[in-house]
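Next up is a structure, given as structure tokens.
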């Protein structure tokens, strides 16, 4: 069960070049492509003639041409040509999905198309703000996207999973002061770790020589995106707010966890660093990339175990607050969708 | 669901040497072997004692010896020896299949054995006609054999899938004149492409310098074999019939698509070339082999998609005539078999 | 269906060092580890907090620490620490399994814990008897453990499967004199092969120059272990009993076939050789290791075939006596367990 009436990151905009891109989104095979005019389109990746994947075909002036028998579809999924100029059957079309290209992402909506027009995908201006330097990657992950949401909503794992990189001492994370609050579209929390030893990554990137005050803000937008602000200052200077000018080390992270199947997802993550000229940027990016591989390893192991043994109940502990709020919100959205069938035929 | 009362190619005759050959045919594990007298046999590949595959065993004077505990079976599947001379249980036997070795193929019948005697497998004398030169190969394909039947029954795909080899221009294929007709055991079609540019393979093999008239005859024998005649002459000389003596470039192709499972098959294909001394034979064979790999790629992608999304209906277009006739015939044969149970116990 | 009220080899004692060991036993994910005091523990390999495998964690003074959020469990599976000193939920525990470390093996019990105290795992003193030299290995096998029990209970396969190593001539095995008897906990058989040519392994290891009298004793302890005594003397010296001092070539083999899933198992095998200084020990061990790979190949092929075709009945032949007795005993134990539910809650 997925939330369908929501925007999911389907691709990075720079992935759509002169070839179609096949990607399974919420269990649906989708082909993404950019038309000659630059419009991004997302169609069902299955020709309505003999079922071949359209992603095996080629882009053309009118849209996309099936690589088997040459039917051409436009960006709305309508068949606009049967080779030889033969009659186009009236039902010759494939499903098209609402898509929005924005801030370097291609967002896709699998639910009711009429609702898609009322909601905008999350803003991420840091991807193209000249004051910030951005890099990104995507990891295919063999776990439900929910495991990744959990992972981001409970940072007490940092000391255990990421001790060698961004973790720092476990106790600093566990004892962090934290404020969790509901937002109109999700959950937000801010954490402060005052007077804590900076983890290796911070020392390398921020040039800290003593203890630091760390601050992190995580904004979860249901069901599948998290926008993160992370920064640190020398301990005691009082810059406890994310946007404080005293912050000498700050970055934004975007996390988009798009379900591929019930037990796999695409993890799109982007990192934008303030004042990149002051930082060993590539090294920091590579450290973060390695950190997220650590997350991947643990969530994949977790998924494997839960798939094997789904029944025994799990227990809740002190650090689970934000995780449980995020999960409850997702469940509520799914229940709402089941109660309210689409207002219009999906096509 | 398969047609059981039919001959399927199970192997090339030259595959049966001094070792048993294991092959899954219509979802049934079969062991094929040649007795010392040269008789080809096909047995259930499962010892009736402890279930070990007989194909792990060895050929012997009396038939085949199980590699686990040494039971010996004759070519009829009867256990003829229990080691130590101990009593042979009366039910110690495995199923044997009717087989016919003919024209370089081993044909196998999974249905009612009494019907097997009334029907002969297709002739393919070109495999051993001294005027023709023959080569063959077998591709294991991860799609239903039906996708391969479709592929051969609709040649409008040539321009899209095989542009680099035998394809030629898409429009030439789409606009080809074509006559489709039913035959007593299948479907036959003949296609003419007059005044068309010869594809690269034809130029290399036939030495054409200008436009050509191409002619192709495809004879589908339900459920799983296609016999093809292909030829070309310089455009305008009028040799529109396959067997015309003016044809300066001609070959026969045999296509045997034997189901392994519901979604995989063995593609046996043989090519026989007239007057091979006039042709760069190996290069042509290699081009055709590469062409069939292109078919394999698209039908495997098609199968994967249809396995994921079997339900949405497909639409029919102008070029589907022969495909639909072949499919309808196969469906009819399956329905007939279901209505008429075997006349004798299968054993 | 497995026998649960029985000891199974879960690991070699020397596998438990400073890291946890994950192993699936009777379809249950288990983590095995040794506490700082040297106690061996076996817990459900699934943290009760978020389901991560405990085997991804680290050993610590109090037991094992989850590698995700740091919960610590003691050797009884009780959570004894939630990071930050937060409240430990009363139901924060994972299942623990009775384990016994003995003779170099770690034995595990998945059934009723109260019954585990009344039964001892099999003795295998040869693993640490200074007069004997021991080596061991474990093969993960893609077949039910029952195929391995069958394999050991019917040695007529030796001539067919192991002709190149320990087999010798097939007829010697088939015609061996054999006595099968029930024991309180299993089946025992003794086989004599008098005046038989020694197989290559025996010649190398025992220095035989002529025919030998071979004697083998196999003691099956239901459901999953076999203790073997094998020896040979020069033919005619009369040493027909396993423990005879005239025996110049003798070894003990321990076979522990522990179910991983219904169709896979761990094959723990240990070999202990008397008077190792008189023998080319490593070469013999390597020959036996290769022999057991031959068994692995045939039982995996057998399992594959029986998984494909489970229904057609199998027939019984003369050599099946001990196999059928062992199988019948296992079935009886399973039936008994189903009739008598556990006396105490398992936990």
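Every chain is named by a letter (A, B and C) in the order it is written, and numbering of its residues begins at 1.
Criterion: a residue touches a chain if its C-beta (ideal position, glycine included) is under 8 Å from a C-beta of that chain, and two chains touch if they have at least 3 such contacts.
Note that the structure is predicted; figures quoted are calculated from it, not measured.
K.L.:
Can you report the angle of the rotation that maps chain B onto chain C, using C-alpha atoms only, to the nearest 5 degrees?
P.N.:
A turn of 120 degrees brings the C-alpha atoms of chain B onto chain C.
K.L.:
Do the two copies chain A and chain C share over half of their interface residue numbers, or under half; same or different?
P.N.:
different
K.L.:
I'd like the Å distance between the centres of chain A and chain C, where a centre is the mean of that chain's Cα atoms.
P.N.:
About 47 Å, centre to centre.
K.L.:
I need the residues of chain A touching at least two other chains; which ones are they?
P.N.:
Counting only residues that touch two or more other chains, chain A contributes none.
K.L.:
Going by the contact rule at the top, pick out the chain B residues touching chain C in the complex.
P.N.:
Touching chain C: residues 29, 45-46, 48-53, 56, 65-71, 82-84, 86-87, 89, 91-92 of chain B.
K.L.:
Can you check the complex and tell me which residues of chain B touch chain A?
P.N.:
Listed in rising order, the residues are 150, 154, 156-157, 159-161, 170-171, 174-175, 297-298, 301-302, 304-306, 308-309, 312-319.
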